[in-house]
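For reference, the structure is listed below as structure tokens.
A, B, C, D and E are the chain letters, set down in written order, and residue numbers restart from 1 in every chain.
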Amino acid sequence: METLFIQIKTLLVNAAALVLPPWGVTLSSMIISALAILGLGPLIMMYLTLMERKVLARMQNRIGPNRAGPWGLLQPLADGIKMLTKEDIRPSAADPLLYFLAPILIAVPALMVFAVIPFGKGMTAADLNVGVLYFVALSSTTTLVIFMASWGSRNKYSVLGGMRSVSQMISYEVTLVISVVPILMAAGSLSTQTIVESQSGRWYAATPWGLLSCMIFFICGLAECNRSPFDLPEAESEIVAGYHTEYSGMRFALFYMAEFMNVFSICALTVTLFLGGWQGPLLPSWLWFLIKTYLLIFIVFWFRGTLPRLRADHLMGLAWKFLLPLAVMNIPAAAMSHFLSEPFSTAVPLAILMVSVAVLSFFNKGYAAEKRVYHFTD
Amino acid sequence: MIFGAGILKGMLVTLRSFVNSYFKKPDQGGLFTVEYPEKRLVAKERFRNFPFLVYDEKPEDPRCVACDICAKECPPKCITIVRDADAEGRPLKKPALFDIDLSVCMNCGICEEACPFDAIFMDHEFEIAGTERHQSLLYHKEDLLKSNGYFRQIRPSDAALIDARRKEAEDKKKAALKPAAPPEKKE
Amino acid sequence: MTPVPESHYLIFSLILFSAGIFGALTRRNALGVLIALELMLNAVALNFVIFSRTAPEGSASGQVSAFFIIALAAAGAAAGLAIVLAVYRSRKSIQTDDTNLLKW
Amino acid sequence: MLELIAVKGIYILMVFAAAAAFASSLLPNLFHGALALAAVLLAVAGLYLSLGAEFLAMVQILVYVGAVMTLVIYAVMLTGRLEETVTPSGRIQRAAAGVSCAIFFVLVCGVLLSTNWPAAPGGNPLPSVKDLGIDLMKRHVFPFEVLGILLFAVLIGALAAARREKS
Amino acid sequence: MKNKTDTPLTEDFDTQTLQINVGPQHPATHGVFRMDLTLDGETVVRLKPVMGYLHRNHEQIAENMTYAASMPYTDRLDYFNSMSNNFGYALAVEKLAGIEVPERADYIRVILAELTRIVNHISVIGFLLNDLGAFFTPLTYAFREREKILDLFEEIAGSRMMCNYFRFGGVKRDLPPGLLERIRTMMDVFPRFLDEFEALLTDNDILCLRCQNVGVLGRELALNAGLSGPMLRASGLGYDIRKVDRYSIYGRFDFKVPVGSKGDVYDRYYVRVLEMRESLKILDQALRQIPSSGDIISRKAAPFLKAPRNFKPPVGEAYGRVESPKGELGFYVVSDGSPQPWRYHVRAPSLINLTVLEDLCIGHKLADAMVILGSIDIVLGEVDH
């Protein structure tokens, strides 16, 4: 069971080897893993939409979709067909080049990031030794595409939504990168494969600074793909649907797909970097990876079901005034725990983090909720 | 407390309701959705949808005597009645034409209250669909007539009350007729 | 690593550089000039990396200097755009012909 | 055989990048020009990959396409009116610039083709990310620190210049 | 060559103010209500509410129908609490015609009015959270409780929202047997739901961040604008018509009126939660004191049930007002002796509370304008009547 997928791949490659010349074999193995990802991405996205609707429904004492297929399993198919058959309305004033390119260019990085995620032992599509940097670089290109989408559709609401989402993504991207640095220091390499192997002894989330940077990474990841408390750009109650107001039909499906694949890749990377990737006692490695990732995805939907939305300036305030300094303070804390001898190696980082949290919450006093007292008259 | 405390408490509430929805019974926080076409909620007795006319034995002679009170009292004026006339043109105590425009009626139940002859009551049947707006929702007398048995079936306690009152009124009327009859026999 | 001869790479970076110069000369909008500037810096960084292949074994000075160029270009872009915005705020237009006075 | 496909790929990338570079200076709409520049940057990152500089390619995408391009497009949006961002440029100016660039190109091309570059010794291991890091911290630590201070100074300078006057 | 040397060096960007209209068909406006917003960046510069999309000429129609015939139309005013609309109209006509209401009917009326108050307040909080972005979870919890109460209404009056149950001098029919016990059991479960609801919301830091010090309503503005209901009480003025008029039998129950301190969106939210707890107290006392039997409509008004046409109140005028969950709901009726009112006017609390929307929203962000509108709690049926 452990190497199920690897055996399938070798089987296919051997079959290809019979008919193709030697160079064709390496090419075919590349193509097989590429096709695996191309097939996996949309599949994950489809069943994430169903999972989200089911989880949210159950939180609200509803049943969630159960009409299409047993327990609603064919619902994503139904959604897909609906998206395909919907008429693709294009605003006349839209800028043809930008309007047409944006949905494609937003789905491409979302899919490319899957290449670097280690689904199991030896099951990383492309084991770059700049894995994490690859992920961060690709996630930063989406700001450009959101600009194109909002500017291209020439609509007031989408420009407002576009500006909001870009400023949000920039401020959370900085914190995302800095929160990963302690892990790279501990693992000593950028490639996701070696990071996971170096966690075989103790997960990074087990160490104090690791836990903190895991939380910061997760929160910034949420903000990066505009989910739950940070879903400002497509705030229905305010601006109708942010930058993808003017999109419908298949184009909107691409935006939708990109969003869900970002959610999956953020959760997958949090698992890889902090929660020990595919490390796990007896179950096969890739099963461990999927369990952990889907647990994190449950938390993302759980956030969505509970928390109201943050306003634009709170969002920025949280990123620049609280999370970024905390992430920066986390780096010396992580360094201390490496180079100091045993008794101090846990005490000093904890002290640093406690002090920085205290100082930062002191400075951010304005954001704290104030207790209110209500009196009664008759 | 620190920033996240209130949020965590809120999250616990949703998690608990997520878990309850799997394990608890409907009224303790479990799922209480009634999946409509398969399972249905039984209508409450006083539920009122569009009105219907009641007849005792034969649909030809409904209880309605075409007194036009309900048409006058109906706030949106959606009832139109034309009194029947016999061969010589003398008016009869029966409606020839009794139309209710269901697209106008707001099922407020005032016609049921105002009717002195217990002829019109509010129905429980709500699955009414028409193919087009004007004609198919204009119900004529034939579509409105329903038997007293049906009335007793959908609104048992009200029907019992009304039948009792009607039988008692009948006995009183017969009693009033009877004393006039027996004295003639005695002389 | 790839058998593509260096001269082809160099010709390509030269094309980039001349496109940058052409852009800088023809653009009437200050931002256009900044965009062309980025293009030129990029061509130069590419040259460094091309020559890092022929460097003696193991020394990465080629890539490091390219890394520095990228960082400097980012700093340059930031400063340039701040100035362009300041000019725009006071002159209402960033046509290169309008900003012909050093003090206004 | 795989090498051939790779080489073909690189040449296609070069042609695409050259076209995008000229497009970025010729397109009337500044927004499209900025996007053409983004295309060039991505293509150059691809070239870095083909030259074995993975770290540099990723840094290029992160710094350039992620941050600098966003900055440029913010500036384009702030300065251009919401509707028109078309900036016409004169005919003679274009012709003159074109001719001078062509002359420049031909001259440097002559120099370039005539010198024979030392053949790539080939086979020497490409500097890995670790070597890059060590080299950055050992031989080039001074410029690295100066760069840090410079970036910090630019940050504050840009803020001061672009900040809206507190009325 | 224009080189303007006179303009100051760094005066402001001539940013274009963005004119958007949060149109009649928009997820955040509770019904068909348009706001003509002028934004400078994100902050609201000017807000012009545009109403009238749901105007149904209610007052003119009422003048061409008998008194009893316009009772079902009062359900459609504020379609969230039809019972208190009926209550207000019934009170006005009873004052006009001088009809006394028997004991048991009064108790039934108070119980139903307090039940609608609870229904209204949880729904409002649910919708407010929707505007804040919590994806329908608080709203579905609120609607689950609302369903239970609406089922009770269906059993009593025949329809869940359009009850048309009150009549001049009492109520249409008596409560069905065993209903008081069902209300009692529901009332015992409700506080537990309310605590769970509060645990989810009250000290949720994002809610506090978004609602505290947003849309602050000063006491003088609240007073001069003639506001009423939870909005007034959140700004610190404890004015509740149930305490001022002591109409019907509210005098017999002891309950408190919660009053806020700052008058922002958070206070308006929490005052409604406290009001629900007070309503529970009233319901508790009413369920204990209700006489088990007794006629449910005054002997004088009973015949008019059968023949509303010959209900001719004496010439004169009357103004009956009720503390509806939205504020002071008043009905002004003038009679000229004929079965049809000569003049009929409804004082709609939502309409009057809405007049301060612009003063609250200026200076706030676009996201806050939506939340402030949500906290004012308007229902367009009543605003446009």
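Going forward, a contact is a pair of C-beta atoms (placed from the backbone, for glycine too) under 8 Å apart; a residue touches a chain by one contact, two chains touch by 3 or more.
These figures come from a predicted structure and were not determined experimentally.
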The chains touching both subunit A and subunit B are E
What chain is the most remote from subunit C, judged by the mean position of CA atoms in each chain?
-> B
Centroid check, CA-based, most central chain -> A
May I ask which two chains are joined by the most contacting C-beta pairs?
-> C-D
Could you find the chain whose CA centre sits the greatest distance from that of subunit A?
-> B
At what distance in angstrom does the C-alpha mean of subunit E lie from that of subunit C?
-> 64
For the pair subunit B and subunit D, the C-alpha centroid-to-centroid distance in angstrom is 79
Could you put a whole-Å number on the gap between the CA centroids of subunit A and subunit D?
-> 28
List the centre-to-centre spacing of subunit A and subunit E in whole Å, with centres computed as mean CA coordinates.
-> 43
Find every residue in subunit D that makes contact with two or more other chains and list them.
-> 55, 59, 67, 74, 78, 82, 164
Among the residues of subunit A, which ones contact at least 2 other chains?
-> 59-62, 305-307, 367-369
Using the touch rule from the top of the page, what residues of subunit B touch 2 or more other chains?
-> 3, 6-7, 10, 13-14, 17, 32
Hey, which residues of subunit E end up touching subunit B in the complex?
-> 65-66, 68-73, 137, 141, 144, 151, 154-159, 162, 164, 172-173, 176, 196, 199-208, 305-309
Complex contact set, residues of subunit D against subunit C = 3, 6-7, 10-11, 14, 17-18, 21-22, 24-26, 30, 33-34, 37, 40-41, 44, 47-48, 50-53, 55-56, 59-60, 63-64, 67-68, 71-72, 74-76, 78-79, 87-90, 93-94, 96-98, 100-102, 104-105, 108-109, 112-113, 117-121, 124-127, 131-132, 135-136, 139-140, 143, 147, 150-151, 154-155, 157-162, 164
Quick one: in the complex, what on subunit A touches subunit E?
-> 56, 59-62, 156-157, 160, 229, 231-232, 235-240, 304-314, 367-370, 372-378
Residue ranges of subunit A touching subunit B (in the complex, touch as defined) | 55, 58-63, 302-303, 305-307, 357, 361, 364, 367-369
Note which residues of subunit B are touching subunit E in the complex, please.
-> 3-7, 9-10, 12-14, 17, 32, 44-48, 69, 72-75, 106-110, 113-114, 116, 122
